[in-house]
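The same chain A turns up in both complexes below, where it pairs with chain B and then with chain C.
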Partner chain A sequence: MNLISGIDLSAGALAAQKTRLDIVAQNIANAQTTRTAKGGPYQRQVVSFETEMVRTQGATGGGLQGIRVAQVTTDRSPGQQVYNPQHPDASADGLVTMPNVNLSQEMVDLITASRTYEANLSVVKNARQMAMRTLEIGK
Partner chain B sequence: MVDPVFQSDNYVLARKLLDAAVLRQDAIAANVANAETPGYRRVDIAPNFLEQLKASVSDGNLPATAAALRPQIAADPNARTIRPDGNSVEIEHELLAMNRNAVEHEYLTEVITQNIKQLKMAITGRSV
Partner chain C sequence: MLPVGSVNPLLSAASPLAKIDAPLPKMPGVHLGAAGPVPAEGFGRMLDGLVASVDAKQVEAQAITKRVLLGDSDQLHQSVIAMQEAGVSFSLMVEVRNKLIESYQELMRMQV
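Right, the complex of A and B next:
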């Protein structure tokens, strides 16, 4: 039983969107990284979510599902190959394999994650306001 | 002696609806959290709760039956758009429902407060 209703559900969603935002920021920062510690260009990472049953409801079986980060996976699709023999990481043919980061896709993810974060935040604000009003019953 | 005030239809109804309003906030939080989950169906208070309340009020035995009535969370049967991935949450709809729920909650706490204040006034003889 929460003091502020729905806080455990919103907390999971906020944490999940924060992780997504972090990964998008990492992808954008490494959009031009042609050499990583493991060798080879940077491969973009993708966050996947899964639902978890946060609260069950006794006999009826219904309940409330929250969301959480399932795993952070690496996108293995090959990046673009650019002809640039001057580049220090060029192969024998003069081709440089760029990271498979598509900036417009990352920006869309960024905006979606931000808006979802804001929506969940407004739910928390509203729930807190309701809790504060409840404490004023009788006054 | 104090019980009749807290057994009046209005007060009992306000308490039940307040329980439902708080539970609805939980349901909205779950819906907003799962706004992008594929296959997720939005949840809300089960409609039979309101129907049972209405039936109890018109039968006139609300105080007796009130204890057994509890709001439950159930999948919303008339959720409108269903996106290609099976998700039936519209975020605008959720935020509007949340605002409406906040106003309902405000109103119901006001009703309960006024009932309590009436009792205080009867006891002290002074309006609080």
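Right, the complex of A and C next:
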């Protein structure tokens, strides 16, 4: 019994945006991290999404295209070099390689993820309202 | 909480409503619509299935919410969505029940 149509799609989208938010949080948290387990400064992570066939619909033909996180990749662009000879991770000439995290870019990503999450929540809310309104026919 | 499926007075054999399921009495010379075989699965069986699936949704929502509350899962939206789905299907069940009771009372008011 599936009363609220398209809810699986929205749930998948919500999960995907939540993952994106987690990755943004990780990037912002590690904006100053100069030492990682792999060695070298922290490198920014980027999320990409892909479609996912949720289920085939009988009447309308084609299946519904859901969304899931395809992969989390590493941004390989070089980090900023800062002159700071006191830093334990400074090279011989006193330069420290900072992470390639750009805070303004992360904030834009954060807002986009948040707004997309809100949009999907509106879809869920409206789908539920439609089902409840339909049930009010009998009243 | 008592599971919804366990309280089902409509389906107990002692209830007069169980007789709604009974096939119509055959009258000689009268053909009611298409004279097909009486389906093995009555309306009561279907209603039982509806109640069972609504109950399953409630149990599922409870399980997901429990997982979120215990910290095993961080899928908060899945919990809320499951609860809403359970609520909507419960409303559907209540609507069906209301309609059934209404038609039963209509029958009882009939002049003989």
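Quick note on the criterion: the second predicted complex is superposed on the first by the 133 of 139 C-alpha atoms of A that agree within 3 Å, B and C clash if a C-alpha of one lies under 4 Å from a C-alpha of the other, contacts with A are read in each partner's own complex, and residues count from 1 in each chain.
Note that a residue touches a chain if its C-beta (ideal position, glycine included) is under 8 Å from a C-beta of that chain, and two chains touch if they have at least 3 such contacts.
None of these values were measured; they are calculated from a predicted model.
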Problem - Simultaneous placement of chain C and chain B on chain A, clash or fit - result: fit
Practice task
Give the angle at the C-alpha centre of chain A formed by the C-alpha centres of chain B and chain C in the superposed arrangement, rounded to the nearest 10 degrees.
Solution key: 40
Exercise for the section: With the two complexes superposed on chain A, say which partner A:T97 touches: chain B (first), chain C (second), both, or neither. Expected result: neither
Practice task
Considering only the touch criterion stated at the top, classify A:V123 as touching first (chain B), second (chain C), both, or neither.
Solution key: first
Practice task
Answer with first, second, both or neither: which of chain B and chain C does A:G66 touch in the superposed model?
Solution key: first
Practice task
In the overlay, answer first, second, both or neither for which of chain B and chain C A:T51 touches.
Solution key: first
Practice task
May I ask you to decide whether A:A15 touches chain B, chain C, both, or neither, giving the answer as first, second, both or neither?
Solution key: second
Practice task
Identify the partner contact of A:G138: answer first if only chain B is touched, second if only chain C is, both if each is, neither if none is.
Solution key: both
Exercise for the section: Could you look at A:G6 and tell me whether it touches chain B, chain C, both or neither (first, second, both, neither)? Expected result: first
Exercise for the section: Could you figure out whether chain B or chain C reaches more residues of chain A? Expected result: B
Fill in the blank from the handout: Smallest Cα to Cα distance in angstrom from chain B to chain C after superposition equals 7
Problem - Contact residues of chain A, present in both the chain B and the chain C interface - result: 7, 10, 124, 138
Problem - Of all residues in chain A, those that touch chain C in their complex - result: 1, 3-4, 7, 10-11, 14-15, 18, 121, 124, 128, 131-132, 135, 138
Practice task
Please give the residue numbers of chain A that touch chain B in the complex, ascending.
Solution key: 5-7, 9-10, 12-13, 49, 51, 54-55, 57, 60, 62-67, 112, 116, 119-120, 122-124, 126-127, 129-130, 133-134, 136-139
Handout entry: Footprint of chain A on chain B - complex, ascending
Key = 21-23, 25-30, 32-37, 40, 43, 46, 72-75, 91, 94-95, 98-99, 102, 105-106, 109, 112-113, 116-117
Completion exercise
Contacts from chain C onto chain A in the complex sit at residues 50, 53-54, 57, 74-75, 77-78, 81, 84-85, 88-89, 91-92, 95, 98-99
